[in-house]
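Could you have a look at this structure, given as structure tokens, before my questions?
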């Protein structure tokens, strides 16, 4: 059986193409692991983020394995497997601009966001979070995450909200990101960020969903999932209890 | 230039995809254009209306919308169509290659419709009468007189349509085809050098445009031997 | 079609032709026998072109009967094709096929319509190119020829189909003065060989020396039919004399 | 420019003109005095148009000297402008400005070149429109006029600039037979009033009755210059007689 | 798949909120592009080979590469260089609207200058000769003969280019601009309903296109009053 898997292909280090043209990253490893366990052939389709769910619904592919968080809103349209990665967000800004955006309890201080241009990727958990929590913020929407980073560097936006793991690995630790730092705590409220990142599929495919869940649990329990994370980060990206 | 190390082959294969899309959509575009022109020139009111609607819709809608709509919509529409005949079929897929190819062929075909229509009208009616007076049948007249003369008139604007076609291929990166624009996005993710990466794309397209322009010029020159006095 | 020497080649009886409400031909009666040379003249818009275009059915007449060599012109496609094979036509604006070489212009209809084999078609074509004295132009394209040469090619093209009748619609009026004679010479030759021809022209010198009969039209009617001598020297109708005054003035 | 009655208006001495390698004019000598009416004829391509276009420097000659009313034609812009103000020209294809009404066609150059005030320019324009007998067409656009009327407007437009010399390049050859006379009549009037004119035409009737001198050109040379009587009845050169035979044959 | 009409009714007003931006992009880059086109045309007609060549190369490059690539190079590519970010132009390039207008202007300028050149070349040479013969200066001929006639000749092609420009403004959505298309894409991202949103947007663009055509049609009629035989 062949299943088609949608992903962005430009979201390092989770899913991207290397100069050799190979797909690589955490999501890709998860996909390969799952494929092996459920005994299916996976075929990968690259898709811009904002069209991901419409494309799934239009049968352009059968699964989304693209670091997509399991949120209530998305679950109205599609189904998800159980989680296989934390889903969090964190605000990033220039070192030389001091700003106090969150209080001690970790809640955003709306007034302090005034006058700041916020770069976000369209149709992401970050965008929903800003829309709900800081409805007055001056938000600029991008088609992919790479552009968000580019414009932060270029100074077209003042802050961005992004995946902290990606930010740390691909940006802050590099020359390009030297002048930037996190400007607040990790945010992971379940209403916006969901229980974590899962595999998306069309509704009404419970059998497939069960298979996917089983496979993910196997990956967690066998320690494979942890090894995927450790190829990239010094820590794992999931909770062991997800394997129960 | 070092940043490009390792990406050349990706660009190459991206360019190959651009070329494939171009060739496939060129053939389709000619068909759509001829059908559209035939519909608009026909005596049948319904055909005229359909031809008219075709040009209005595809010339009046931004390319990017057409591509997105066709990408998301084509499979659904086709499935519905096929299910009419065979309810067993659960799903018909249109791969992004074909969705993109058909989308740009439809867009540029709507321009070609007008070009072909004008060119058919531009054929000297005297030539057609002469052919009929010599006893040639309408069909013979169509293939031996009308088409070749129409083509001569249509060629220069048709060259421009080919250029639009090649450039529109850049838009289908939006639906994730692995062409040069998409290669650039991937490369930027890894290298963080957008200027360099997009300039390469620009140069590749400039190359394609040049080849097309030179080809059309060559054909025109060949065709013009019959319109330029050479005594 | 058999050659019946007594039957006229062209018979038009009470023919009328309308463009919408406008009547371009009124009640035309005309009989042309084999070997006759007819010149048609008359003011612009009088229906001369329409008359000869009805003869090979480039226009459909609305009333009356047209019979060509025994075949009545109706909507029957086979009949029309048969008639067109017997009737050659030469247009004012030559109407050579611009995308074909001269020789190809002469061959194409033979090959498609008469199914003549290519080699033979080429021989026939070269024969008639010699007739009109420009065999050396065979491989050129129409645009590369002068107007007079183009018109001679157009005549050769019509002759290649070996028609029984040849129609000319102002064949010299698009030509420069110097080239008119080239073409008239070819037409005089044809006339001398006994070709049946109907020629719309205002070349009165040609009419006087070649025509058996001159037909004068005005407002869709045939006003006068006469031999050249009578026509020029004793026109019966005053419209005819007014017209002759006009065109002979300069 | 002063009017010196003895000095010729136009003097061409040993003028040659090349288009690339091709020599369109060979060693032309021509003198035209005030009030003279010259007709130029000759076969197509013989250089007639080139000759008169050199006179108002629409073409630049390569060798020899052209002097118009005492001003030598060189690259000096001021001189060219001065000459063009004295020389009117009427083209074969009328060349009226299609986007301007007739009256505007007649006024524009007066206003721009002569700086004539608008009101006066309009009066002059109406005067010449009356001269060519179509004052009622003043507000129309060129396309709404017949060819003959357009050519008369073109003549009026040239006259509005009150030129000393007027050049005609086959002014009737783009016209239908019926309209030729309208235009010739206007030209005859002009001639009768003593306007200096050079006219390229093949209207031999006009030439015979109006010209003081007929110039015959061939292959860029002036082959013969003669009074009409001599030209038609005793042509010296055999090329001239051959040409006359050609154009008088029909 | 059912078509959700309510969604259309809800999203249309939201999308129309982006109309102002679309219109602004069209008008500003349209007029700047026209100015650029005239400058390029004058360069080409200057008779100075270096100006002519410069203009030709410019036109060649901008007509030979996709507008999307041009937009990306300007928006994402140029800031790759520190020098650009430190220059005075940064105040324009910093803003996505500035980048979009710049890209659209540079692109349309190249196309329009060729259209205008076509118009100028189409002016009957005989009329210019008539002007010379009447003693009009080069400047007079340019103002009173060439310009009005060339304008009339170039107008149909120009109106097509304005429509292309309108459609190209949709690409501004790829660089964060919330024009009609940008808003539509956000709505799709929220509602996951591409058909309803994109189809209704397509209709809005089509109406806009037809309005432009109508406007130019009227203008053309006005300019062509001298080509009608009857009043």
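Observations, loosely collected:
Just so it is clear, A, B, C, D and E label the chains in written order, and each chain counts residues from 1 on its own.
FYI, a contact is a pair of C-beta atoms (placed from the backbone, for glycine too) under 8 Å apart; a residue touches a chain by one contact, two chains touch by 3 or more.
Computed from a predicted model, the values in this text were never measured in an experiment.
Touching chain A and chain C at once are the following chains: B.
Listed by label, the chains touching chain D and chain E alike form an empty list.
Inter-chain contacts peak for the pair B-E, counting C-beta pairs in contact. The best fit of Cα atoms from chain C onto chain D calls for a rotation angle of 175°, in steps of 5. For this pair, chain A with chain D, the centres built from the Cα atoms lie 84 Å apart.
Remark: chain B and chain D have CA centroids separated by 54 Å (rounded to whole angstrom). Chain B and chain E have Cα centroids lying 22 Å from one another.
For this pair, chain B with chain C, the centres built from the Cα atoms lie 46 Å apart.
Under the contact definition stated at the top, the residues of chain A that touch 2 or more other chains are 51, 54, 58, 150.
Residue numbers of chain E whose C-beta contacts span two or more other chains: 76, 194.
Of all residues in chain B, those that touch two or more other chains are 68, 72-73, 76, 188, 194. All chain pairs that touch, listed by label, are A-B, A-E, B-C, B-E, C-D, D-E. Only residues 50-51, 53-54, 57-58, 77, 122-123, 127, 140-143, 147, 150-151, 153-156 of chain A touch chain E when the two sit together in their complex. Interface residues of chain B facing chain C in the complex, by the touch rule stated above, are 124, 126-127, 129-137, 140, 144-145, 148-149, 152, 223, 225-231. Contact residues on chain C toward chain D in their complex (touch as defined above): 44, 176-178, 180-181, 184, 202-206, 246-247, 249-250. By the touch rule above, chain B contacts chain E in their complex via residues 56-57, 59-66, 68-69, 72-73, 76, 80, 163, 167-171, 181, 184, 188, 193-199, 201-202, 205-206, 209-210, 213. The touching residues of chain A, counted against chain B in their complex, run 9-12, 16-21, 45-48, 51, 54-55, 58-60, 144, 146, 149-150, 174, 176.
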